[in-house]
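You will see two complexes here that share chain A, one where it goes with chain B and one where it goes with chain C.
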Partner chain A sequence: MKKDKLKIGIYELTGCAGCALLILDCENELVDIFQAADIQSFLMAKSDNIDGELDIALVEGSVSTEKDIEELMDIRKRAEIVVAIGLCSMVGGIQGRFCDEKEWKENFKKVYGDIEMTHTKPVQSKPIDAYIKVDYYLPGCPIGKEQFLNFFTRMLRGNPPERYPQPVCVECKYNENDCLLKKGILCLGPLTSGGCGAICINHNLPCVGCWGPVEGGNWISEYYLLKEKGFDDELIKNKMANFSGTKIAEVSEQLRK
Partner chain B sequence: MKIVKLKKENLFPFLESLSKEADLWAPVQKYENKHSFQLIKDFSQIDLKYTRTILPPKKLFLPPTFNMFLATEQGYEEDFSHVTKKILFGIHPCDIHGLLILDRFFQHVFDDPYYSKARQNTLILGHSCWPDENCMCKSTNTHIIEEGYDLFFSELETAYLVWIGSSEGDDCIRIKPGIFDEDITDEDIQIYIKWHNERDKAFQVDINFIAMPDLMELKYENPLWEKLGDACLACGSCSNVCPTCNCYNVLDKPLLNKYASEIGRCWDACTLESYSEVAGGENFREKRAQRLKLWYTHKLQAYISKYGKPACVGCGRCASTCPVDINVQTVAKALEGKDMDTFWNRLSKEVTK
Partner chain C sequence: MKKISVEHIARVEGNGGISATIDGNVVTDVKFIINEGARLIERLTVGRTPEEDVSIAPRICAICTLSHKFAAIRAMENALAVEVPRKVHLFRELMHMGEMIESHSLHTFFLALPDYLGFPNAIAMGSKYESEVKLALQMKNFGNHIMKTTSGRYIHGENPVIGGFGKYPSKDELIWIKERAVEFMPSIIKTVDLFCTIDYPDCPEDDTIYACCNPANDKYGFAGDEIIVSTGDKIYRDDYKNLTNEFIVSHSYAKHSRFKEKPYSVGALARINNLGERLEGEAGNMYKKYFNDRWKKNPLLNNAAQALELLYSFERIPQLVDELLQPPEAPEIIRYTAKEGKGTGLVEAPRGLLIHHYEISNGLVSHTDIITPTAQNAEDIERYCYIAAQSLLDSGKEDKIRDRMELIVRAYDPCISCSAHLAEVKKAPEESWKEKIDELKQAESPVFIGVGNTCYSDDGAGINLALELKKAGVKDVWLESELNDNEEIWQNSVNRPLVFLDAVDVKEKPGKICVLPLHHILSNTSLSHKFLPFISGQMNYKQLKNSYVLGIQPESLSKGQKISRPVRDAIEKVLNYMH
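Our next item is the complex of A and B:
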């Protein structure tokens, strides 16, 4: 007997909606996706959305308002499995780069002034696992088509998704690229989660870290290496912080020592 | 073994007739001073003045990623689409030695059909070379080659001396009769000997590899490993570019529209954190220092103890790849107790400041 179709919801918190758009962009597979699963909620794709019990919730975007927190808590209650998709959801995204609360408040004031938000209250942007338990993570900015389809199909078959614990350098070498870091270019490949196919370096552009920090990246060594190659301290830290969200907090701590 | 002579101007016509039967792969300049074995469409692309390619020739036998088979409910369908008839031209002695080491891994105890089929379908046409500052093949004794090729081209001033290493090689030179000359003059021999002596003197690196198993044992708990671990970027590049690294991972890629999975295979590296992770999330070698120790134990100790020679063929790829100076040359020298100006030494001073 075939089990009922999995009930899936796709949700967007604070972000560019690129990850949801990427799912819609799987044009050749869309019919298969909608046939294989019962897509209960997908704001970008359909209007008759149901907020009921779910087998899997895919959550894109970071948490940056109290409304986001409420929505996220509600998703967690309804879903058996919650998956953080994309950089914002996993590490807080570009908007999550300021981890110091005082600094965040100052920056907020600089941008918005003393304005009083009426519909919801802003909070410092954080990854979703700052609030709820997350079962799986799918990295990317946005997530990759191949990874998403692989992930989706594995979930349908009841298998856990692949993890992406390897840095960009692995695929970069698979493609026989010349190492930019070795040439003295500020490339964040060794610190960044692979899966993108090293697409930037394939086009002779350095990795900016958009897939987020890789597990076990050696930030201290790369920091000193870049310093030695003549890059400015602030530039290195800014580049490292861009896509690292809350992750850079520990690194700054280590570098201060 | 027979040696014949080929005039330089006859090389491309010879390769052209050969490549009617198979895909010709040869070194091509990919970046400034960086080469790659590529499928040759235009003979003018071939650059025989290269020292080493970024990736070793293992990529032609086991590509970085490929599908092994399609698993269905009924069984499985093998996929050998990476196996095509190939001619690998311009491969240097160190890389031929590298293939002989891979043969040991993939053919001697259990036969890996994905490797063997590709190997059987590839002609190896070697080419002589000249060392740069990273070449260690004289120390590993892999600067000359006596087996493992079908033809080997030693470049003289106006001609090649061509060693015929197999019956397939012998068949090759019969494809274009008349261009190979069996009459090698005394002058040719003198030029060859002179070239050989000069090349021997051109090596800049000298490492006593036979001492390495003992030094590895004596320095197994040495603080050197922590220093290396602190600097290592854990990028896995040393393994990916190594002609004898052979570890791989197997990945399932389930198909969405069919109850089946493609079973893929990709290169893996023991220097990556995920390599030693097992079910349940435990990791045998969580620290970079432990992983580097494993890599160097394999290259400099275990293989030498078992087979009397290192699992390093001295190609120098790790040295021209690692951004933080961790390579066979620097590690071997550090094990010998030599003080060097390397990034990992500078980093250790910086961090303990």
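Our next item is the complex of A and C:
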């Protein structure tokens, strides 16, 4: 008996919309994607969207307004499996960096002054798992095409997505690149989740950390190693923070000790 | 005047919508709403190195990522006095062309065309228009391919840096790009024919101001060091604030812009209007064939302009590649030593003029100002929606308003997710003027100004109402005649809403009361009023935006007659409510 197609919804909270766009960037596979699954909602691609029960919800973007919270709660209620796609929904994205509420408020004021937003109340940017249970994570800023197609086909067959337990350095070694750290260039490869194929280092440029913190990365040791190599203290901390979202709060806490 | 100092940008693009509120025969409010939350990107870059900024700032928007990268790099190179050789400029132009093709093909075929052909999305369109959908996917794929080859990735590629590129594409890759571009040409010409012959509705049509980059040497192009405005003004890159004058509105995390107190538009249509004469080759021929006066005032023609630009880009790529294949080899990244400086970078994102401005002190970013195209278009989007909504309402086509507004927003290509949805038409409840007055009172206490002419029956309604309010002891009520040379009134009313009391013909039954934004009245000639344009000429834009008209529908405007019964009752009603 033919099984029903999986019902999938793709949702965007606050972010650059890059992860959703990346899905549209699968030009050669797009028609197949729409045929293989029942795409119930995908605001960027279609106007006949339905908010019903879902097998899988993919959520990109961080939670940055009260409306985002409401939408997210509703998605969780309707979906069997929720997948956080991209850096924003995993760790709050680049905008998740103002972890301290006071710091966030000050910066908000610097941009918007004292104006009261009438349409929806702003909240500090947070990853979606600050509000709901998340089943799987797909790292990247944005996610990659191969990564997405791999994930999509596995889900269609009822398999869980691949994990990315290795840092960028592993992929960099596969590509036989010279280590930039050894050349005196501050590269975040050792702390960053692999999966991108070490693309920046392939282009002779240092890793900026955009795939987010790798599981089990030893931030404190790395920090002291970089200090030993003579890099500026502020520069190290700043670079570590740029793409770590709210996770940087833990690291800062440990560094203070 | 109180100055609101701001270091802005919420990224625009993503989740947004447009709403119109209708009270009887009149559109009382139109709002272009960006639901996307605040990301404070400009603040995220402060205290960072120029290199970090160049990788953070493009995350504002995935669709214009390379335009942001390009603008940021241009600004930083201006600030830090980095000069790159022609080869690097050409590679950047090629990279930018990739984004233009990717974005324009996505927008024209996937987002706009389904509207005109009557489908909910492009995939559904594929059943009947298979070759068009296929072509669009191939074009988009080609644009993406150029972006990936030059920037390293489809989205947020890190290869373009201050001083050059980490790695340059190989000769084989360049030749492949050139050959593929040439192959596309016949279908691109058909695309221009398709989009230039669509029967675009003639509502809304109204003159506006267009602004875009002025590329060097009188060429067409997508970057420059100067802004060219359709009024004839030219603005040097560092003086960009003379164009943008940003301000914040409470219904959106995107800021709005005005030029000389007037809204203006940016984007493909602006570029074709300001620079179209410079197009050469096939693009030049097509421009001559299709460009006409309607392009100057109908925002929907933006789709046609985008198609022309696709043609321009496909013609330009082979020229670029030919030059790139010539010696000398592209250089290593140009290094710099400067630690202080200020600089502005101007580029054309697919959806219009994009400005990045930075101040660097002690090697770190100390100030960031980023002005996106959608922030600049927001005012005109609202204005055109007003015009369209009112004129459709006047001709009894209220049911068309929602779709038409969506069409307008989408034509501006503000970004893909927000152009995909959410137009809403709201019916105002009975007597909604009371609510509006309460709302105004809650924010800041309003100043009331009675206008009109008591010699012409109901035209005296505003003056009469003002006199009655004064008599009843309501504060801050003035007559039009008291305004002249009375500095005190203007000084007192800074940052407070002005509410003009007047007879306004909204084609309703006599005595109908409504509160309308002043700028709506000014942009809709169908609503009768005499003095407001004169008075509004003395106001700055912030005041204009914060001003309203409490209008009463007149019954008669004949000379020497008394005020009619229904209007008399309306005056009583307002008086009782406010007193």
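Quick note on the criterion: the second predicted complex is superposed on the first by the 257 of 257 C-alpha atoms of A that agree within 3 Å, B and C clash if a C-alpha of one lies under 4 Å from a C-alpha of the other, contacts with A are read in each partner's own complex, and residues count from 1 in each chain.
The rule we apply is simple: a contact is a pair of C-beta atoms (placed from the backbone, for glycine too) under 8 Å apart; a residue touches a chain by one contact, two chains touch by 3 or more.
Predicted model, so just to flag it, every value in this text is computed and none were measured.
Novice: Mind checking chain B and chain C on superposed chain A, clash or fit?
Specialist: fit
Novice: Would you check which partner chain A:43 touches, where first means chain B only, second means chain C only, and both and neither mean what they say?
Specialist: Second partner only, chain C.
Novice: Which holds for A:225: it touches chain B only (first), chain C only (second), both, or neither?
Specialist: First partner only.
Novice: Which partner, chain B or chain C, is in contact with more residues of chain A?
Specialist: C
Novice: Can A:153 be said to touch chain B (first), chain C (second), both, or neither?
Specialist: first
Novice: Determine how wide the angle is at the CA centre of chain A between the CA centres of chain C and chain B, giving a multiple of 10 degrees.
Specialist: Approximately 130 degrees at the chain A centre.
Novice: Quick check on the superposed model: minimum Cα to Cα separation from chain B to chain C, whole Å please.
Specialist: The answer is 14 Å, the least C-alpha separation in the overlay.
Novice: What residues on chain A touch chain C, complex-wise?
Specialist: 12-22, 24-25, 27-28, 30-31, 34, 43-48, 61-62, 64-65, 67-68, 93-95, 97-98, 104, 107-108, 110-113, 115-120, 122-123, 125, 141-142, 144-145, 199-200, 202-205, 208, 210, 235, 238-239, 242
Novice: Please give the residue numbers of chain B that touch chain A in the complex, ascending.
Specialist: Listed in rising order, the residues of chain B that touch chain A are 30-31, 34, 36, 53-55, 59, 64-65, 230-237, 240-241, 251-257, 266-267, 269, 272-274, 277, 288, 321-324, 343, 346-347, 350-351.
Novice: Could you list, by residue number, the parts of chain A that touch chain B in their complex?
Specialist: Those residues of chain A that touch chain B are 29, 32-33, 36, 149-150, 152-154, 156-157, 159, 162-163, 165-167, 169-170, 173-174, 176-179, 181-182, 189-190, 215-218, 220-222, 224-225, 228.
Novice: Which stretch or stretches of chain C touch chain A in the complex?
Specialist: 4-11, 13-15, 33, 35-44, 47-49, 52, 55-56, 59-63, 65, 106, 110, 114, 120-124, 126, 137-138, 140-141, 144, 152-156, 158-159, 161, 165-167, 248, 250-253, 415-417, 420-421
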